[in-house]
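Note that the chains are named A, B, C, D, E and F in the order they appear, and that numbering of residues resets to 1 at the start of each chain.
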Amino acid sequence: MSQLLRFEGRAADALRPIQFELGLSKYAEGSVFIKMGETHVLCNASVLDKVPGFLRDKNQGWVTAEYSMLPRSTHTRSDREAVRGKQSGRTQEIQRLIGRSLRAAFDLTALGQRTIHIDCDVIQADGGTRCASITGAWLAAALAVAHLKRTEQIAADQKVLLNQVAAISVGLSQGQAILDLDYVEDSGCGADVNVVMSGSSQDPQSLRMIEIQGTAEGQVFSRAQLNQLLDYAELGAQALMQAQSHVLADQKILY
Amino acid sequence: MSQLLRFEGRAADALRPIQFELGLSKYAEGSVFIKMGETHVLCNASVLDKVPGFLRDKNQGWVTAEYSMLPRSTHTRSDREAVRGKQSGRTQEIQRLIGRSLRAAFDLTALGQRTIHIDCDVIQADGGTRCASITGAWLAAALAVAHLKRTEQIAADQKVLLNQVAAISVGLSQGQAILDLDYVEDSGCGADVNVVMSGSSQDPQSLRMIEIQGTAEGQVFSRAQLNQLLDYAELGAQALMQAQSHVLADQKILY
Amino acid sequence: MSQLLRFEGRAADALRPIQFELGLSKYAEGSVFIKMGETHVLCNASVLDKVPGFLRDKNQGWVTAEYSMLPRSTHTRSDREAVRGKQSGRTQEIQRLIGRSLRAAFDLTALGQRTIHIDCDVIQADGGTRCASITGAWLAAALAVAHLKRTEQIAADQKVLLNQVAAISVGLSQGQAILDLDYVEDSGCGADVNVVMSGSSQDPQSLRMIEIQGTAEGQVFSRAQLNQLLDYAELGAQALMQAQSHVLADQKILY
Amino acid sequence: MSQLLRFEGRAADALRPIQFELGLSKYAEGSVFIKMGETHVLCNASVLDKVPGFLRDKNQGWVTAEYSMLPRSTHTRSDREAVRGKQSGRTQEIQRLIGRSLRAAFDLTALGQRTIHIDCDVIQADGGTRCASITGAWLAAALAVAHLKRTEQIAADQKVLLNQVAAISVGLSQGQAILDLDYVEDSGCGADVNVVMSGSSQDPQSLRMIEIQGTAEGQVFSRAQLNQLLDYAELGAQALMQAQSHVLADQKILY
Amino acid sequence: MSQLLRFEGRAADALRPIQFELGLSKYAEGSVFIKMGETHVLCNASVLDKVPGFLRDKNQGWVTAEYSMLPRSTHTRSDREAVRGKQSGRTQEIQRLIGRSLRAAFDLTALGQRTIHIDCDVIQADGGTRCASITGAWLAAALAVAHLKRTEQIAADQKVLLNQVAAISVGLSQGQAILDLDYVEDSGCGADVNVVMSGSSQDPQSLRMIEIQGTAEGQVFSRAQLNQLLDYAELGAQALMQAQSHVLADQKILY
Amino acid sequence: MSQLLRFEGRAADALRPIQFELGLSKYAEGSVFIKMGETHVLCNASVLDKVPGFLRDKNQGWVTAEYSMLPRSTHTRSDREAVRGKQSGRTQEIQRLIGRSLRAAFDLTALGQRTIHIDCDVIQADGGTRCASITGAWLAAALAVAHLKRTEQIAADQKVLLNQVAAISVGLSQGQAILDLDYVEDSGCGADVNVVMSGSSQDPQSLRMIEIQGTAEGQVFSRAQLNQLLDYAELGAQALMQAQSHVLADQKILY
């Protein structure tokens, strides 16, 4: 489908190999180590028996996230944010995105007065860390909800997660659309769009957009190009949701 | 075109009244006070004879922005960020967006080794402050470039600004697309998309996307809905570029 | 009266043109945009239904202020305090002064358990910003008190503001006293005294001092010189109080 | 002279017992432990072979100060500023005042490209700590200058300190002027004026004002009252300068 | 040897199972994931071509470390230090200890003008994280030195690492000495001693102490008890050094 | 006993002259100015009628400490931590040590729901400031407890302090053990061990260890050397406890 040369002959519309490892952190109520190619993110979901101040006595729960990159997750070492004394603008932007994206899948009232706090720590970064974080975080959240049901804190038949959430990056490289950019492709591409989608792996028609963040620094893009990118993003999101569903099926979890 | 009731009978695809006031800050090389309805943002462009460290000896310039809301620009008073000791994640996200958007219009090499630093201070907020900031900031930047030409720091025939930049919000309110949301519409809407476009007021075919930031918290949206929203955004962006051009024409400035 | 050459032939004991613009911020309970020559400060008074912790259950209110300069209010751009992560010593010193000065005019018990929080944001700075802030802040506070009476939160005949407050700078330039220094005069002068006075525009005998802050860096001053400076300051304060009274009369407000 | 009852029968125009202890810190180039009654401040002057950035290559020196109160210098323990993570507005205001006051006495060019950095640490506080800091800091600075001359870094006959500096508080208590307020008097007084004066102990006519900071929170004051307060302040400043001179004479130092 | 009941019947003088996983972070010059029982720490060594300011032009290198715990490495979630805006005192204490301990093994001159910066990130915590960090960090540093030799930045026969470094905790539980405490034992024990030792796995006589940090909060300990604890610590350190040596031998690395 | 040349011919196992000055801060419930040679630390104990949050409703008290060095307590001036905006890692490490050490001597239940907060401010530093702080802090705490008994807040016969606490440094200088290192010895020594001991001046057999912190940066030490160092530390601790007891006896205080 493509003349463009990608690493290991990957097709323009192909995802990198995806893998979910469960239980890396034995204490977390949901622990998912997601690997998309060489991008590896540990997504730990914690169940906290409290809600933020602005939700006090509102009879609902909350879902939020934090994001961080280990200093040497990247080619060259970056400063540790705890040492610099604050999170960068990029970090805050990403963790706000993860939180918003997950909340779009939750019935917060059904969750009850508790918080699911998801920590996304990037162990190794090769592009697409925010998307991998979202896709992994949804699975970690699903495991945490399953934990709440297994421990009978929430009734087994209560619908808490309304749908799946997966995120993927698409971009224009030398004018051509490509799916799931690695670090080299991301650095070189003209336009970069991150798409967060909701839906169900069992129904391709169910795909909807939660977030779309498209950026062109220097190379602008047309409506037609955007549409091709979104076609690819839908392909990717469907595949990711299927992978999520396989993991849950293996664990005999109905979300 | 719309059954939806908007303030003062505004049509679904209508912008609020737009107004540009120049020179509110007499020291700034470009000073634009943009009013979109009751949203008022002071955009001051400063020319600095230096570039950030990462551009040293790279023989090019830089364009960046900062954003802030006066504590009482909103219905109820917000804390001052300088008192809290840091900019919020939202503030950083917005000012990074403004900077990226403007850089997409600049030939940074033609700018020379200087920085155009644009301060967007929201005096009154009624929805759409980030979009108004971008639209006003482009005009302030154009005035600053004109200043550089008038003072012969840049040759009069040097092309520095490659195109216009304008931004507008669109959203879904009760399932229907609307353009240029005010605060009440923004708070109530299900999906909210900010679109930054490049182009020229003289050529409607020239419109391209620089940034698209679409967010649904709770109410997801389909590809078809996104396309309708983008149709409206294009209408809005064109009108804003025409308004920008009128101001420059009045000032006898060719950008 | 003076051989000293001032901008546009201003007399040594003359104020710059003064102007009060109301309602620039439509949400604030009192919004005054004060212009003293080219020094322009937006003073927004917010009524908050709470008091600081140290006044809890003390059955009284509080008046406080914050001060900030827009980055490009000055000839060259200054860093934004929210970016640097803290307010400078100068900023804190000024906002403490504004708060203290206003409190000297208030019957805090009559105010009830609420706070009047005044934000003084300097849009353009040409010397004397702290004095303009105080003079404008008093008027904004008076408008906020009028709002409280109009909305019947405070009885119409309750005396809340006990007197007027105005502030003015005086200084020694080449050994000669001058009133209301602009930026160039302020930078060049040997001694600089800011005087905050209370009183009533209707009774010149009522003038008293709330604050006097005199500073000589390098050029010290005698008791005789101080007395001449204070004579000028009284002239200025009276004229400012008359201007405040005209605005209130126009609005049919009895303070 | 006074019907007002002061601690231990002190007269309205009397200073508290004043004492200067030298060398408490053996490393400082000038170390003065000043005691004014129960207010005790350690003033250590350090000579640094560098100047702040804004003075680089300006061929002059600098004098600056920092101020701090030990947490238990007061009746009840206050938080430590290093723990809170920043200096309070009050602290910054005071240390800026000390620095400005001392610079008024220095020929900064004669000082050469070095900084005299004075640390004023309040060991015990009973009112008037900023004034005691200034009076003690001047003496510490004089010792540091003497050290520079003794070690032949500055020529013995070079005039570096142009005059003496001393500071004293005066206030109105129940309408009556008093000199050198202790903590109880300071808390209860209606108006509080800190006066920093320059001059020479050998010539009472030489007294001039460097700084005057008068504050009335609630109780305003008239010109006549201010004049009486300044009369007292002059008495106090003269006595303090004589005490400074005695110390220097004992040390056989000509300033 | 012991009546005390430990998890899974562990003897009082037995280490938990130890495991070193290499290359978890493919970018780091040395990447060691150390597991001591359920305590898992990722130790990434980065080679930086710079030294801290205080070593400029001193013709030597530097070794330093940073330490962090993932928020959900523990039983209950802890706040993220980057969000709180600073590293805790405990974190700083530990990372200073790791750095000092490693430097005791290095010939910093032989290292040349570069820094080995080791990031110890605790993925899962079950007691003894600081000791595991040191033991893993030494191995990561050895791999980084091997990398420098393999890439011919340092001569293959240059001795850079002078000896091995390993650390282990010992403690008194109900008055009895135990080795390598897990979280439950650590929380319950009366005295807790962390011992960092240098030496060589090939020569038990070579063991020396680099650091000893013994703490009794409430239950003090005698010289005799300390000596028994140190006997155990020596046993543990020797076993850890043997494990380190096996890894290096597998990699055919001579340190 | 020693060939090593120490300042003023001090023996290897000799303490510097020790002196306790009481009441330097008249407001503190216990104020001890400890001088060990040229190391001078002011230890002020404050009694606070509150406990930290984690002890609320636990029916016990707390003992904690803060530590700071005056900027010019050292040979060259150091930055003030309040200006830098945070306490250094070293400072936090030391104040945590002081707090832990004192708590080992307290029956916190007998103390009741109050906090003894000890501020250790180093006025002059010549090595061993953390040890002097601990030894002085214990005495200040004992005075504060005596104050609580004298004011009948605690019954006179209630045992609150269970034993004495004293700390001392020992080190290896050119391979030889020395006691109570001054700054020059500390900088030059190979291994440095701080030992905090509990016990009673009346019973040499009662000495136990609370903390031992031994550090070798570059020069490691053997078990035999450690034992000799601890012999010296015991000598020193006993002498310090006797000195503490003399002060209490002079004050007729039974701890």
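Heads up, the rule we're going with is that a contact is a pair of C-beta atoms (placed from the backbone, for glycine too) under 8 Å apart; a residue touches a chain by one contact, two chains touch by 3 or more.
Since we're looking at a predicted model, the values are computed, not measured.
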{"item": "Minimum number of chain-to-chain contact steps, chain C to chain E", "value": "3"}
{"item": "Interface sides of chain E and chain F: same vs different residues, half threshold", "value": "same"}
{"item": "Centroid spacing, where centroids are CA-atom means, of chain A and chain D in whole angstrom", "value": "61"}
{"item": "Between chain A and chain F, centroid-to-centroid distance (C-alpha), Å", "value": "52"}
{"item": "Junction residues of chain D, two or more chains touched", "value": "85-86"}
{"item": "Touch-based graph of the chains, sorted into line, ring, star, complete or other", "value": "ring"}
{"item": "Cyclic chain order when read starting with chain E and heading to chain F", "value": "E, F, D, C, B, A"}
{"item": "Complex interface listing, chain E residues touching chain F", "value": "86-87, 89-90, 92-93, 95-96, 100, 103-104, 193, 198, 208-218, 220-223, 226-227, 230"}
{"item": "Touch list for chain F against partner chain D, complex", "value": "24-28, 31, 38, 42, 44, 46, 48, 66, 68, 70-77, 80-83, 85-87, 91, 117, 119, 121, 123-124"}
